[in-house]
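In order of appearance the chains are A, B, C and D, and numbering begins at 1 in each one.
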Amino acid sequence: MTVRVSEVEPIAGRVAYLGPAGTFSEAALRSLPLAPDVEAVPSVTVVAALDAVRSGDVDAALVPFENSVEGAVTSTLDELAAGDPLQIIAEVVLPIRFALLGRAGLALDDVTTVASHPHAQPQCRRWLAKNIPDAAWVAATSNAQAARLARAGEVDTALAGSFAARRYGLAVLAEDVQDVDGAETRFVVVSRPGAPAPPSGHDRTTVVLLERDDHPGSLMEMLTEFAVRGVNLTRMESRPTGTGLGRYCFSIDCEGHIESHRVGEALSALRRVCADVRFLGSYPRADGKEPAIPPATSDSDFADAADWLARVRRGLA
Amino acid sequence: MTVRVSEVEPIAGRVAYLGPAGTFSEAALRSLPLAPDVEAVPSVTVVAALDAVRSGDVDAALVPFENSVEGAVTSTLDELAAGDPLQIIAEVVLPIRFALLGRAGLALDDVTTVASHPHAQPQCRRWLAKNIPDAAWVAATSNAQAARLARAGEVDTALAGSFAARRYGLAVLAEDVQDVDGAETRFVVVSRPGAPAPPSGHDRTTVVLLERDDHPGSLMEMLTEFAVRGVNLTRMESRPTGTGLGRYCFSIDCEGHIESHRVGEALSALRRVCADVRFLGSYPRADGKEPAIPPATSDSDFADAADWLARVRRGLA
Amino acid sequence: MTVRVSEVEPIAGRVAYLGPAGTFSEAALRSLPLAPDVEAVPSVTVVAALDAVRSGDVDAALVPFENSVEGAVTSTLDELAAGDPLQIIAEVVLPIRFALLGRAGLALDDVTTVASHPHAQPQCRRWLAKNIPDAAWVAATSNAQAARLARAGEVDTALAGSFAARRYGLAVLAEDVQDVDGAETRFVVVSRPGAPAPPSGHDRTTVVLLERDDHPGSLMEMLTEFAVRGVNLTRMESRPTGTGLGRYCFSIDCEGHIESHRVGEALSALRRVCADVRFLGSYPRADGKEPAIPPATSDSDFADAADWLARVRRGLA
Amino acid sequence: MTVRVSEVEPIAGRVAYLGPAGTFSEAALRSLPLAPDVEAVPSVTVVAALDAVRSGDVDAALVPFENSVEGAVTSTLDELAAGDPLQIIAEVVLPIRFALLGRAGLALDDVTTVASHPHAQPQCRRWLAKNIPDAAWVAATSNAQAARLARAGEVDTALAGSFAARRYGLAVLAEDVQDVDGAETRFVVVSRPGAPAPPSGHDRTTVVLLERDDHPGSLMEMLTEFAVRGVNLTRMESRPTGTGLGRYCFSIDCEGHIESHRVGEALSALRRVCADVRFLGSYPRADGKEPAIPPATSDSDFADAADWLARVRRGLA
């Protein structure tokens, strides 16, 4: 399990991340190609980070998007789906390994409290139950803040990346306390909207689809627009629209770049059949995996067919 | 039941039809808007009529396409699907009513033979079995030729349109001898390929689709390309490709005109997924029925979506 | 190209075939496993042969079903789709090779007439056009009757199987006059309805589906019922219902036996969604080909799932 | 907006809920038909409540399932999808209205801290930003615990239902501080597995589907199994399987009861095509809405078709 990042141009300017320093978000940001003069700016929440992009206070923001154990980071999904449009330009996939941090010499048997972000606790639930069953959990707004609480003596220990120990003057009491090895978090780098970078050959496209009305089968209709053009989905989340139970929008990742005929025509079709389509970007996949291109769906297949249609319409075929 | 014809410009020049004079084909041709100088040219077979168009000997040909009782006229389907391309420019739907023609005064009890085209006999089978059960059937290449045989005394009677009686000097021994009332034959007018006439608002498009390979589900894939764009089919025939049992091509009529986005994109998609698509024309329906246009599939829906896609690709949406 | 026949028990009793003696139908019948006492009974038409089964006059009938060049034998399809139910119990696939028969010594240059069944003429069209371009075609009710006409001197020549020459005292003037080599006709053996023979492991099932109403997409719905259960279609013909242009029923062959869960559930579903389903038999394929069984559609998959459902419904899963 | 509950038999015995007293969960539980001797048992987490059912410590548990603003309660989804099976027997839909609670007389301008469950904070974000922009948010494990913190003076205020004020000796400083009116949370009552209650005529069925493998289109295949049998989905969530990004299972609600043919056959089909299907219950909808039953999918349609199939298989149709 290693860190994987989109092959993109170095990111420059001011870049917000879900801080404070010492979070996985900061580790993710540091793994990206960064311009020499990049300025990392910690944000207290995902919302604050994204709003800072919108307001122009920063040039980009790195925020968590989904975790292989906890699922979607719903605040990120919901913030990207609403408000002024933003665009994903890169992604980072970071292995998530937790350590238990505390003051040097503290024995596990003496731990009475453990702080962490609410997402971290369930990922270590079994380890905690087995090793420090009597320790009370204390919610923190980030794992780094949990470390800070431990440093301040407000709690005994914190769940955080081991890289946070040094910064907060703590010791690693236990490594790899996560219940499931191989957990990963995918982060996205978001900027203000613009023309997407040219296709890299291994891109992903993210969109939000809003059903025209909640008629039975509308989800299947949406999926069919992808399938009929041979476009694979890599993620599909339903999210409430906030207008009542049973009303959803869909956050979707698909293989390929909006510049390609197959993805472009699929999105154009969705624009027709959905109440709204929000384009959230085409960007290089962190894993560099090329899209599957089923027979008859390559760009040249589409171009040849369009030529044929033009000729037939003019009576030249 | 009345004759219905496409609203088209008067047909001019030399026009072949499945002759001889006195056939339903001639009656269909006469029902079309014809230029004053049109010259009707009888052909002995569908093949001869279509080849005369191909060779330039005639400007157009009217041939039977399908019958509401007997089904597709397979020789027409197969000839249009192969050889040099031709294009349908109009259609005629003619009620089919048969009369028993013979010499004046002949009693039904005395009839020993009845001639007709092989398509006519099954349409009158029950009437024949009931009224002249002992009469032997004699195949003729057309109903008009059957009338000619009756006139020549080679057979007693002929099944033909009552309009053929006068031309062949025969009497109508019985009217409406068809078993099923309401039978209709649809004829098409075919010319050499060219740009289709502009959309009339109530057009039909005819194509022939050849499967890329005989993989299970290929027919469903083809139908899905129409369905996902809201294009209704009005006729679907499978025809052997001649390369072995189990290998078919599909002759299809759909609602709408190739100039429309919905039909154009569907055909373009089929061009990708099929081994071959032969466009056989977009032309006004004889019944003047407008296509159903499901939500999100109008031309303006397609145009708006294409505009949106162009804007998004440039970062302007 | 060899004759292929269903592996079935010997056919016994009186069996009608499309006569007279010397037709391809008779050749097909002779290729079947026949009981010693079988009595072959020529019929003048497909309808007569099938009605003889219905009336009990014969025990079975062999009739042509489809040809790899000419397509479906529509009279067979339509007769099986209507009237008292019948059931297909076996099939024969016969290579179709035509010879030109005439009196010994007749030179091709001297041929002025050629008789044949209307289905035979188009299969030899190009040969005729090249070798005896001036010969007039004369329709006959069968190729054997054409041979009889040639024998009687009413025509010069007949198109028929070379095996008919000896019986009618004619010479083979030219062998293999068909335009396309490899043409085959598939014949079916039909009896009165009964429980189908047990599955052979390589069966075919034939049904006729009548749309509930002519709503757009009904054909796709029907095909989906097969596809979702992994049942491949091997033939699909639309036929007019006789109630007006644009109203069709569908004659369908699929892989597998009605006793299998996958085929049975598909037919049961079609029974729900169609206005009518006519079962025309499950019988061994002449080519012995086993059905493709996609993952999760075997009989044991269905049985396991049914068991699971029963347990879950009782709270035992 | 009123509370809606499943019409079920009174719930008896010990019933866990997400405590402490004063939570929306307790309010939901109190709205159900309860046996006189029911004993409400607060649990500190969803996991604890569900494990108490599994262990037999309680007879049932009421836990939050989804919220119209925040979406799925992922801990509930994930806990129901794994571990020993449990079964949903009822649901409650509760309008969610938040109040700001604090000591009587506290002015908004003086509020420096506000505690709440992490789900509550985002639902009141805009109100908080406008009215107490400088107040720091403090995470609590429940809104009731937040109230307790406020009571203890550890924070100034808490977000909770106004019904919690009295219990914790606090005043309602502001009513209806949620950003979106009309928010609702759906709770489910869960027991150990057993035969579901008989159909009420307005049931919902909940299942978890695990893809057999991550092949493109597997989600569409699953949805097709519902669609082809006319079963509407009312909720569809993807959840990570924990085995890596891009691997999901699907938590689904559909209309109808597993006893019905349409739902039963759909689930049975899914059992074939999925790696696993976990049945989570058929139970009366809180809103009493009857399922849409498209043509040809009623129980009598299925029964008639099954009868037909049985007859045809025996040769009796």
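Going forward, a residue touches a chain if its C-beta (ideal position, glycine included) is under 8 Å from a C-beta of that chain, and two chains touch if they have at least 3 such contacts.
A quick note: this is a predicted structure, and the numbers were derived from the prediction, not measured.
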Whole-Å separation of chain centres (CA-atom averages), chain A against chain C: 59
Inter-centroid spacing, chain D versus chain C (mean Cα positions, whole Å): 57
Overlap residues in chain A, where contacts from two or more other chains coincide: 224
Contact graph of the chains (line, ring, star, complete, other): ring
Listing of all chain pairs that touch each other, if any do: A-B, A-D, B-C, C-D
Sites on chain C touched by chain D in the complex: 85, 87, 193-196, 212, 224-225, 228, 258-259, 264-265, 267-269, 271-273, 277, 279, 295-297, 301-302, 304-306, 308-309, 312-315, 317
Chain C partner contacts - residues on chain B that touch it in the complex: 47, 66-71, 74-75, 93, 118, 122, 125, 137, 139-141, 180, 182-184, 186, 216-217, 219-220, 223-224, 227, 232-240, 242-248, 292
